[in-house]
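Chain IDs A, B, C, D, E, F and G follow the sequence of writing; residue 1 opens each chain.
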Amino acid sequence: MSVAWEQLLPWAVALPFVGAALTPVLAARSPRWTGPWAWGVVLATVAVTVGLVAHVAEAGAFTYAIGGWSGAYGIELRFDRFAAWVLPLSLLFAVIVPFSWRYVVVSLEPARWGAFYALLLLVMGGMIGFSITGDLFNLFVFMEVTSLSSYALVAVGGRGVAAWAALKYLFLGAVASLLALLGTALLFVLTGSLNLADVAARLGPDVARGPVLIAFAALVTSFLVKAAVFPLHVWLPDAHAIAPSPVSAVLSGLVVKTGIVGLVRVVQLFHAADAVPLAGFHLALAWLGAVSIVMGAFLAIFQDDLKLMLAYSTISNVGYIVLGFGLAAPYAAVGASVHVVNHALIKTTLFLAAGALIHQTGFRTLSDLRGVARAMPQTAAVMAIGAVSIVGLPPTAGFLCKWYIALGAFEADRAPFGFALVFGALFIFVYYIRMVNALYFQAPVHARVAEATEVPWSMRAPLLLLAASCLVLGLLGGAPLAFVEPAVAGVLPVGGP
Amino acid sequence: MRTVKTTAALFAFWCVVVVPASLIDVLVGAVAALLVGAWAERFLWPHAGPLVSLVHPLRWVAFAWAHAGRMIASAVHVLRVVIDPRLPIDPEVVTQTVAFDDEAARVVYANAITVTPGTLTVDADGDTFVVHCLDAAFADEVRGGALARDVARLFEGRTTA
Amino acid sequence: MGVVDPRPLLAPLISFACAGLVFAAGRNAFWRRFWSLSAAAVKLALVLSMLPGTLRGVVYTFDVVAFTPGIGIAFRADAYGMFFALVSSTLWTLTTIYAIGYMRGEPDRSRFFGFFALCVSTTVGVAFAENLLTFFLFYETLTICTYPLVVHAETPEALRAGRVYLTYTLIGGGFVLLGSVMAFDAAGTLTLAQPGILPADAGGATLATIFAALIVGFGVKAAIMPLHGWLPLAMVAPTPVSALLHAVAVVKVGAFGVTRVIYNVFGVELLQDLGFATPLAWLAAFTILAGSAIALTQDHLKRRLAYSTISQLSYIVLGAALLTPFAATAAILHVAHQAFAKITMFFVVGAIQRTTGKTRVSELAGIGARMPWSMAAFTIAALSFVGVPLFAGFVTKWYLSLGALQAGAGVFVGVMLVSSLLNAAYWFPIVHLAYFRRADGGDEGVHEAPPLLLVPILICAAYVLLLGLTTQVPGMPFSVAQVAVERAFAVPAVVP
Amino acid sequence: MTLALDLASLLLLAVGLAFVAGGTLGLVRLPDLFSRAHATGKCDSVGASAILVALALQGGFSFGDLKLLLLVALVLVTAPTAAHALARSAYRTGLEPWRRAPAAGWRRGAERRDAGAP
Amino acid sequence: MAPFGVDLDYVAVAALFCIGLYMLVAKSNLLKKLLGLNVMETSVFAFIVTSGMVEGGDPPLLVAGAQPPFASPIPQAMVLTGIVVVVSVTAVALSLIVQIYAHYGTLEVDELKERP
Amino acid sequence: MTDVLWGAAIVLLLLAFVCLWRADRGPTLQDRILAVNVVGTKALVVLVLLAVIAGHDYLIDVAIVYGLLNFVLTLAATRLVERGRILSEGPR
Amino acid sequence: MKGWALALVVVVAATLAIGVQGLPTHDAPEAPIHDHVGARYVERGVEETGMRNLVGAVLLNYRGFDTMVEVVVIFTALAAVLALPRAGSVADAPEALPVSPVVLFVVRLLAPFIALFAIALLFRGHVSPGGGFQAGALFGALFVALGLVLGRRGAARLVPERARPWLQAAAPLTFAAVAALGWALTGSFLGFPQAPELHAVREAMALALEVAIAVGGGVILGSLFQTMEA
């Protein structure tokens, strides 16, 4: 029996949304079942997503006209290979949701369980929609679903500090959204259209350059903020560190990637339109990426708080991705695309493992967590595997990303970025080594750490699964490349390698 | 009974807002008014019916007339005050106790004070009214209680369940 | 002649698997030892099984995965790689035995032996790497796997040494990565199967950058001065670690990398045209002399050994940088010679430390009487280093001098001579102290090292003797080195 | 008739604007929340109502303009109520009403009362 | 309106945008910042709506008697959606502000920064 | 006549800006709410003016909605303040 | 801070001033906004959607997907506020402070009219803009106002306890249901049938969406305020 996968595309968005809407209804009757329910919804969505991805891998990109209004006359979904590459990230929710069961039961009163899971599902649905929509305004609305639920998820865990971190996040996020809306509005005024492809087609040479440039700058700035590229990262560290660990995983691993996806979409649009000086822009992007790598890593070095360190590391890793796309060379773009997925997986692993350590010991700084590896060998090992992966040591996938991006730097005759990339990575070594040192090679200073027990299986199983995935993704090495290269060829101003 | 009255008032309102042009408009209005009227039972006054129907209509008209006059007068008064470069005010707060039998009377009194020149109801808690007066003359007026008597007369003979 | 065969992949994988089993063994000493030893044996057997083929000129290859054309993970056991793999797997077997004895009663032995196995695994991986990418992969993994061994004691001193070690090696790794990326960009391939891949028309600046990046990168682990700062500090590690890693695995991987860069990335011909090798040769010569000079001033035994290692490694670099077949032969041979001699010395120093607690040269008076067998082995190694004829070290120095003359750089012969004098100056006092001075404490009884320590010591010492005596015996390292040199220079190596 | 209506309308409009302006002036000039609430609660509601009635008279009064009267009722009910709610909130949260300082009394009577105040 | 060749609507929009931006950045009180944000958002909405107007155009209600040209319906739909989004964000922001005030007793950023 | 109405609308808008000064100045939160409420009333009138000027009856509906929202939001904000949920005047 | 802010504003203002050069004069009928997609909606909107109010046609039909996501945004706001920890009482908060009887009276007086006016807006949605959203805003205001004056227990009576979560989820769920129906009828997600014999279905679908937006939006707005105020 053959499934008409194309017909299922809108349901990849609608399923999590419907699931989210029903979660509080369920919560009113029995809060206990909201977790499994959310998991079920995630699994169903993932099933649809995976089917779609397989379909695209086989049959290529396709569009879906919502309501039958095709082209610019309605809203079009576009499932291209780039979307197919980033969409499987939603798989991570299938691990994060069960991981958070324990957290939810221990830390939240039952009245809030439904809302918590609903927010997780909303983040997921928003991200999926964001990745597949072919409409500028629709992009904005989906971005808002993700952003709004992210703000709230940051604040779930505590009162003062958490709310303050969430509000800072909200303010910057709202400004970013506003910029995206401004850019969308300008492009709409200039072209009379909201459809990405159509806008690109209508941004002819007779369209005034000034407003186009402003629209471009507004959109790009917006997504750079969402992606937390230095120096637009200021919202990230507190938000990601203070949020509950499963949420940190979602935010750091997944939500910042919407900024990247948005960036790719914008560049795609403006490249097709040939309306702005993209070469200069790419160079600027590369610089931002390089600075992010170094500054993120540099700031991470000074963090004693485990999660804060991971948060800064996200800035650094996003730097890799942005640099990769900024180099505008096929190899670099491949590396950046791979790193989008790679970093999501690894950062999820790390944050969940950090969460497990904090959950079991009650401590969150490296100096307090010293020597915890003896008491919690499995969690510590997951942490170490994550560290090795994110540092990008061979034979992990992280290495491959760096390799490709550096290669792209030389390919594009931008050798200095190759240097920056390679040696920026050394900073990252430094703080992960600090982490491994603290966990493994230093004696416990707290009895609670020395006597901690391993996490319960509902948390441990996701951790082990993730760690295994990190290794597999690394050992698979180039296997995904066969998929990424055409994906990148479709979204970049340059052909595939 | 109250539901019917509410529904009737609502239907009249509907006619003003929608300006029915077809039978459908009327029917929908009637049904909607009935539904809202029924739903309003959940939050309207627990014991009494709407104000309008229970007060002698003529008294009400007279009071409303006076009310409108007070309103305009007070607006004129404030206007005079604020355009006077000296800003001739010397506010004073008066606390007054007036016993009304009726919740509606209390509200009407509070409102009447507010729209009377130079006075503003700051608080109304049971029988106690706190009035902000722009100067002593108005304070004395409030203390004199003429307005309170007017309102009391307006509600005289009204039965409260 | 290339033959597809999984053994070049299996050899490193064996100890990877073994490492997992050792970690899993936890506190169970039997299974820890069992897995460690059997992996060592299997690996040695695997490598040896390829030796006959290698001597016949067979090259075993195995491609694991190709990411894009020219980039992938692949293994290839050529003669030079075989040579290096043989040395390391032989020494691993011996060191494992020694370490079992040495580490008795230490905490965290599973961690120790697990990472120990991983280190050797990566070393063999480096030996069999078909391309620079695979090479780099193992090169970096080695860095990470060594770290837990360096900081094993978990003292502040150890942690500091670990930090310094990582700083040096990771920056070095960065340079290697950079050089590799640029090389790929220039050549479109990274294979190490050719006598040089870089095109001459890639541009002088680019080629110079690649050369500098790769040499600096590998030079860190090869401890070429001034990149050697980590090595003396790393001596804080347990002695088997110093022995294996700082005599064989880590440092040799660096030196091996340098030779790979010279012979397989650039190629002799291109380098001769470019002239990049000359400064490298001078740097190596400087390191040889300066390392020895500093060793002379060290009283701490392991530190003296460390500076000696720095000096000795540069023989290999110098040999490679001279770009002549004789010098190349010397370079390759020295990989084995230095390894066996130095490991002998470390073993002995470790044994002394374990049995008597002495760690300084000045404390060794009369030790020859107390530990006659150990000190005999030490003496053999010292003689070899000094370059006394019939000992292995002499062979190296002889060929190196020939190579220098062949290259028209006679000055390096002078360097050899001065170095030998310096070697003598810092080794013989130890021998003298050991045999010709009486201990102050009067504790004159024989306290030889326990058998688990002594047996590896004696085997290594015997091998040092053998290496010097058996240059003409097929199957011994010399013959393998010859095959390797023939490949690198595409001419039969002349045996004088 | 139309002229008369228009004139009435214009007059009401002018008066309304004057009241609104007065309310605004009061909002700016008056010394504390309570006195400002006087200004807005009265001037603004009356002024806005006047303008709305003026608009209802525009071009004759039609059935559709009943809606405008609805709006007038809304404004007349809500503006004073809002002013009251705010004044009450300020009063209950402890805002002291502004008093004219004795020395600056603008008429003699003020001093007398202030002297008698506790 | 475009006297002196200046499109006054655009000027008003830009002015509103800048006022909001100033409030957002310069004010220390969180509520004022939020207000500034809303002013900025309002300016963008105003931009969208005015851009959809047309000289002498009717609203896009095709009832009897309506004459073309009509204002474009898309900007109005966009703004309706946008307003709802902004209201939602504002509601969440207010909830967070309520939390912050309950915890710290202040809404001044300068003071919040000093709290742990 | 239309010009007169335009003029009235502009005057009202200017007055609204004047009110915003009070909203910024305070000093109490109630002052600000009051100022915003008054701005809302003016905006309502402007909406009706526009409705009459352009003949768009639907704008009157909008004005009614606006007036109601203005009232309810004022009450809601007042309530939040008097319940101590938000208070802009932090300790000085 | 102020200086920086001012500098930023100046930069932004300058950028905007330069940037707007060349923006199409709005109001001009030949602006792109009027001649492309917008033109088609004006031309064929009534025929294609059956709605005379083109804004409604865009909201519910042409760009109904946006609106679906938008109601999800409202729902997100609710979930967000419900997920937050309860604010807890401020020590000196006058918890039992009763609402002013004047306010109570006025709100009670207005409430039924507000409700009916909201319904009127909904009912007239097909000829005047807003419809569902304005009605939703009014319902929201209504719930907020009643919640204010009635207190916790009084407000709880406004909507039956068990119906509340369903009403809160009404808008997204209705959208999904309508989308599914359209999927079944026309083969496209959220497709509205155009066949003449299905016009009644089409109207019912649009009405369902409007009602769901109004009621769902209103209930959510009310819940938001109550949660915040509590």
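We adopt the following convention: a contact is a pair of C-beta atoms (placed from the backbone, for glycine too) under 8 Å apart; a residue touches a chain by one contact, two chains touch by 3 or more.
Since the structure is predicted, the reported quantities are computational estimates derived from the model, not experimental observations.
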Separation of chain D from chain G in touching-chain steps, minimised, is 1
Higher number of C-beta pairs in contact (F-G or B-D) found for B-D
By Cα centroid distance, the chain farthest from chain G is C
So the chain most remote from chain D by C-alpha centre is C
Distance between the CA centroids of chain E and chain F (whole Å) is 15
Per the C-alpha centroid definition, the whole-Å distance linking chain B and chain E comes out as 36
Chain A and chain E have mean C-alpha positions lying a whole-number Å distance apart equal to 29
Per the C-alpha means, the centres of chain C and chain G lie apart by a whole-Å value of 73
Residue ranges of chain C touching at least 2 other chains are none
By the touch definition above, chain B meets two or more other chains at residues 13, 17, 110-111, 121, 123-124
Among all residues of chain G, those touching at least two other chains are 16, 20, 23-24, 26, 31, 33-34, 37-38, 63, 66, 70, 73, 76-77, 80-81, 84-85, 87-88, 90, 94, 97, 100, 102-103, 106, 109-110, 117, 124, 128-130, 228
Pairwise touch list, complete, is A-C, A-E, A-G, B-D, B-G, D-F, D-G, E-F, E-G, F-G
Listed in rising order, chain D residues that touch chain B in their complex are 18-19, 22-23, 25-26, 29-32, 34-35, 37-39, 41-43, 45-47, 63-64, 66-67, 70, 76, 80-81, 83-84, 87-88, 91-92, 97-100, 105-106, 109-110, 113
Per the touch rule, the chain G residues reaching chain F in their complex are 87, 90, 92-95, 97, 99, 103, 107, 110, 114, 117, 121, 124, 128-130, 134, 137-138, 141-142, 144-145, 148, 225, 228-229
Residue positions on chain G within touch of chain D in the complex are 94, 97, 100, 102-103, 106, 109-110
Per the touch rule, the chain F residues reaching chain D in their complex are 1, 4-5, 8, 11-12, 15, 18-19, 21-22, 28, 30-31, 33-35, 37-38, 41-42, 44-45, 48-49, 52, 57, 60-61, 63-64, 67-68, 70-71, 74-75, 78-79, 81-82
Chain A partner, complex, touching residues on chain C are 65-68, 71-73, 133, 136-138, 140-141, 144, 147-148, 151, 154, 159, 162-163, 166, 170-171, 174-175, 177-178, 181-182, 184-185, 209
